[in-house]
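So, here come the structures, one by one.
Shared chain: chain A. Partners: chain B in the first complex, chain C in the second.
Our next item is the complex of A and B:
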């Protein structure tokens, strides 16, 4: 198992390298650049600026410098568009924000979605099943840009319970609505996924065996059915969790939370190459980490997978 | 000990009622071995599931299933759970899917006695080892920690049998215990069941479509067709002098090892449509001896057979 984990971690290096090279060249293929504007800079000024950011060198030299700085000093370079800020600064400021509300959003998704799915499965074709399934479908098709204003309308404007935006160091009042707005449709998917797999597991022969043992229903659900029923949800949650903790552009913009979702959009508009590359690397690393975590969790749950790993 | 009286099992399905078991009555004595024989769809497995209270949700059941005087069909889920495993054990057909792939063998065995007899984990493990030895699983101590996928089919079926034995029940329902196994392994498993039966004095109801298995193991046989009892007799009698044309048909379809040149005679036709409650002998459409009355009246079980024209009266 340790061996497997190490192997997977080693795989990260070449993959990241390929990703960086591709992203680096692709971005520069797009027309325009960080310093193009409606009124072009005088050629002398432009030359100065380009020299300052090392952009007068050939592309492969720039790429090499970029990679070298990351490896030697963990330096992702200066932002091209935001003066006097480095990529490290931008991520250090924005990522904790999205990590916080994304994490709580994932907690909300799992703590609500999984139990709802299980209850619906246990009350199969009953009142609660239909209610739950109906609600799940409704919230799945309910876009977050409708949900978020609705939340603000109710919790901020009507009841005055929660602040309508801002971050304020991440106090809980500022986390609630971003987390709900971000998570609701995923929560609905998780509920439906859990319901379906729980129903399938409950109909399986080994659950019949468990019933034939005369075990109480509680034990059958918790000990025999829960683990296998959670496997599809686990697979689903890996990439979704990455998406959540890297924040959503919509949430950052609507609630003015100041997370990296906002930075990504700003970076794309202003062709801020270094910010975009830095964020792409962050996404890639997180995706790697989470898929590895999901695979290890799988191995923990399923002895057959575990046997395959060692 | 177990007495099934006028058992009817129907299933509500998308295209109407299916009458799976119709008016079946039989009883099982202490320390006996009985076989329920029939082709697929004859309702034999449903009888076992009805006794365990494990029928599918769309089933409707009539009649009585008396277990030491208590009607299991009227028992509360709590009472039913007490009887399951502790008094009546069941062995399912497919050992590949009837064990939980996510739990160790040990946990799947120990949880039974921990729950029913309030045993500590240590005592439960000791009992599990004992039972694993009894079903002849080699190296039981280390194998306890293994998962189902680490065992062969035959070994898994031994584990399923071990599960049924954990609480030393007085009745074991074996629902096609050897169907999913290789022929050589089949013989070993049947031998094992026989040893266990005689050692523990447990009664066994063997549900099977394999007459060869019946001959070596059971004292009494009950032949089912279309959810009805066709014939019931001592095993020797049934094999020597079958009384019902269906039983004779079944026996003719079994290869004879002493005379391989013997041609096998298949029963023509196919199993009955069970959407309607039978109004006539369900076997009549396939029976070579059937006359008009067979197609009009429903024969009742008399002298161990439900036939208007039993073989011995024809010859």
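Our next item is the complex of A and C:
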């Protein structure tokens, strides 16, 4: 198990390197640069600006300096658009925001999606099944850009219960709507996934055996059926969780949370290369970490997988 | 050297005794207990460093945090700031500013002429590499261009401080509008000691030292910034608002929602919503003239052959019904344009332009006639080209309407092409287009900020228009005491040659809560100072 984990961790290094090189060149293919503006800078001013940011060097030198600075000093460079700040500043400020509401959104997804799925499976083809499935499909057809304005219309404008946006240090009133807007359609998917795999597990021979032995229904569901039934949900939640905590561009912009989702889009528009690259690396590292975590959880849940690993 | 004291000398004496330029609260008005003002900004600010900031929203904050030589009043006229008055030499190449002796930084240090010298040298220093170094070049400060080019040391800049309250500026050209330019953030003083101690981090609230009416007390990038009254400010007793908060709200519609919910006092009006909102909130929806124009560039360098014929350019310009674009499409109180320079520009009189006095029916008839004469359109060679604009719903609407007009009236086929902003800038800058959208906002309130764009050497002359007479007139205007006749002639040449088609002049559309008073609605640059505002009781 330890061996496996180490092996996986070692694989991260070459993968990240490829990602950085690829992203570095790809970004520069887009026409325009961080200092392209409506008023073109006079050549002398442009030369000074480029020199200050090391952009007067050939691309491969810039790339090498970039990688060197990361390895030696964990320095991801200055932001081109927010001139008083570095990439580290930007991520240190924005990431905790998206992590917070992303986390609560994931809690919302699991706490609501999984029970809904189980209930639907247990009452297969019954009233509750149809209600839950209906509800799940209903929430899935509500993309966040439709749901978010609806939430604001109700909670802010009509009832005056919640602020229409902002973050204010992460008080709960500011988290509710972003978390719901971000999570609702995933919640629906989780409910449907859980329902499907629960139905499959409930039809399997070992559950029939357990029932034949006269085990209480509660034990059968919670102890024997739930764990394997959650495997597909778990696979699904790994990348979804990365997506959630790295911030949805829409939710960040709409609710003005100050999270890093907004930096993705701003960085792309303003050609803030260093921000984009920094975020791409963050995104990649999180994806690695969470897929690894999911795989390890798999091993914990499923003895067959555990046997395969060691 | 004989010196002509500026009109301010007289003004300044009264100024010291009465608070004529601070918040002007009329008698009988009840002020609110909580003097706060909250507004929405679209993006995070580029910087709070006066020499580095380059966005409009950032400059609005910097104008509150720092005070330059002069400020603007509610009508956009210059009024004393740190400088009380100035004298200009006879040749208008040397300006001597007399600074007040009671101005202080937020840490209590006096503001001296040396702080301005430091700041101005900093602005052109290749080491700081400020993108706004060009502004110092535009101000024609002696040796500015050479310092930027790295040929001279920053200390060679033509600005000096013989004593703490005297600032002497030497210019390389006698710019008639030089004093108007010192209300710009790039020219604000900078606290050397704080910058040297904290480096790039000096603009953090905990490190920042500033000399304006406010100090930065909190800043959560991309979420909010808070500025509070600066107790050290020389005119602090006449400042009314205690705190000013900005919220970054990227979505315009969401900005409006939060304005409706009372979370912000001011926000921009989303495109097309001004008519409805001005009905719903007649006292809170504003359409204010703004120092920006909107036009179509003909590519005269490498565009279609037809564009080389002035009759074709005239015909296309005539056939655009600007009233429809302004009144039916944009609906935000914009102004139909026949001149390049907005009518709202200070000291600028819109010249008589033939096209402006015609009815649209007359224009259409003339357009057909000219196009036929040129051998295009009905009965002639078919005319078709591509119109390029940057991706935006409003630009798209203008493009569709204008090209439909050409299609229906002149039988001209136009293909629309839109590009993302920076791609668009590259394409347009490299003249890889037939016709492209153009727009310009004045850097200062004077016609040359617009008309300079049409000179041969201008880096922003995307049409690649070149007219020797225009170049000559604009060069002459730089040292003329009365440039208006020169500007009139330039506008007339432009109207005759039509290298660009002026479409409209912008307006600023804002929702401003009724309780906030003192807004400079007549300042076409929309340069506002929180120290001039106040909140009245509901």
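The criterion applied here is as follows: the second predicted complex is superposed on the first by the 310 of 310 C-alpha atoms of A that agree within 3 Å, B and C clash if a C-alpha of one lies under 4 Å from a C-alpha of the other, contacts with A are read in each partner's own complex, and residues count from 1 in each chain.
The definition used in the following text is that a contact is a pair of C-beta atoms (placed from the backbone, for glycine too) under 8 Å apart; a residue touches a chain by one contact, two chains touch by 3 or more.
As the structure is a computational prediction, the values presented were derived from the model and not from experiment.
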Superposed on chain A, are chain B and chain C clashing or fitting side by side? fit
Which partner chains sit in contact with A:301 here, chain B, chain C, both or neither? Use first/second/both/neither. first
Give the angle at the C-alpha centre of chain A formed by the C-alpha centres of chain B and chain C in the superposed arrangement, rounded to the nearest 10 degrees. 160
Taking the superposition on A as described, I'd like to know which of chain B and chain C A:206 touches: first, second, both or neither. first
Any idea whether chain B or chain C touches more of chain A? C
Touching A:228 in the superposition: chain B (first), chain C (second), both, neither? first
Applying the touch criterion given at the start, work out whether A:215 contacts chain B, chain C, both or neither, answering first, second, both or neither. first
Lowest C-alpha to C-alpha distance for chain C against chain B (Å): 48
List the residues on chain A that touch chain C in their complex, please. 30-33, 35-42, 44-45, 48-49, 51-52, 78, 81-85, 89-90, 93-94, 149, 152-153, 156-157, 160, 163-167, 253-259, 262-263, 266, 269-271
Residue ranges of chain B in contact with chain A within the complex: 52, 54, 80-86, 89-90, 92, 94, 97-103, 111-112, 115-116, 147, 149-150, 160, 163
Where on chain A is chain B touching in the complex? 204-206, 208-216, 219, 223-224, 227-228, 301-304, 307
Inside the complex, what are the residues of chain C that reach chain A? 43-49, 52, 54, 126-131, 133-134, 137, 145, 148-150, 200-201, 203-204, 220-224, 247-251, 253-254, 257-258, 260-261, 263, 420-423, 425-427, 429, 439-440, 459-460
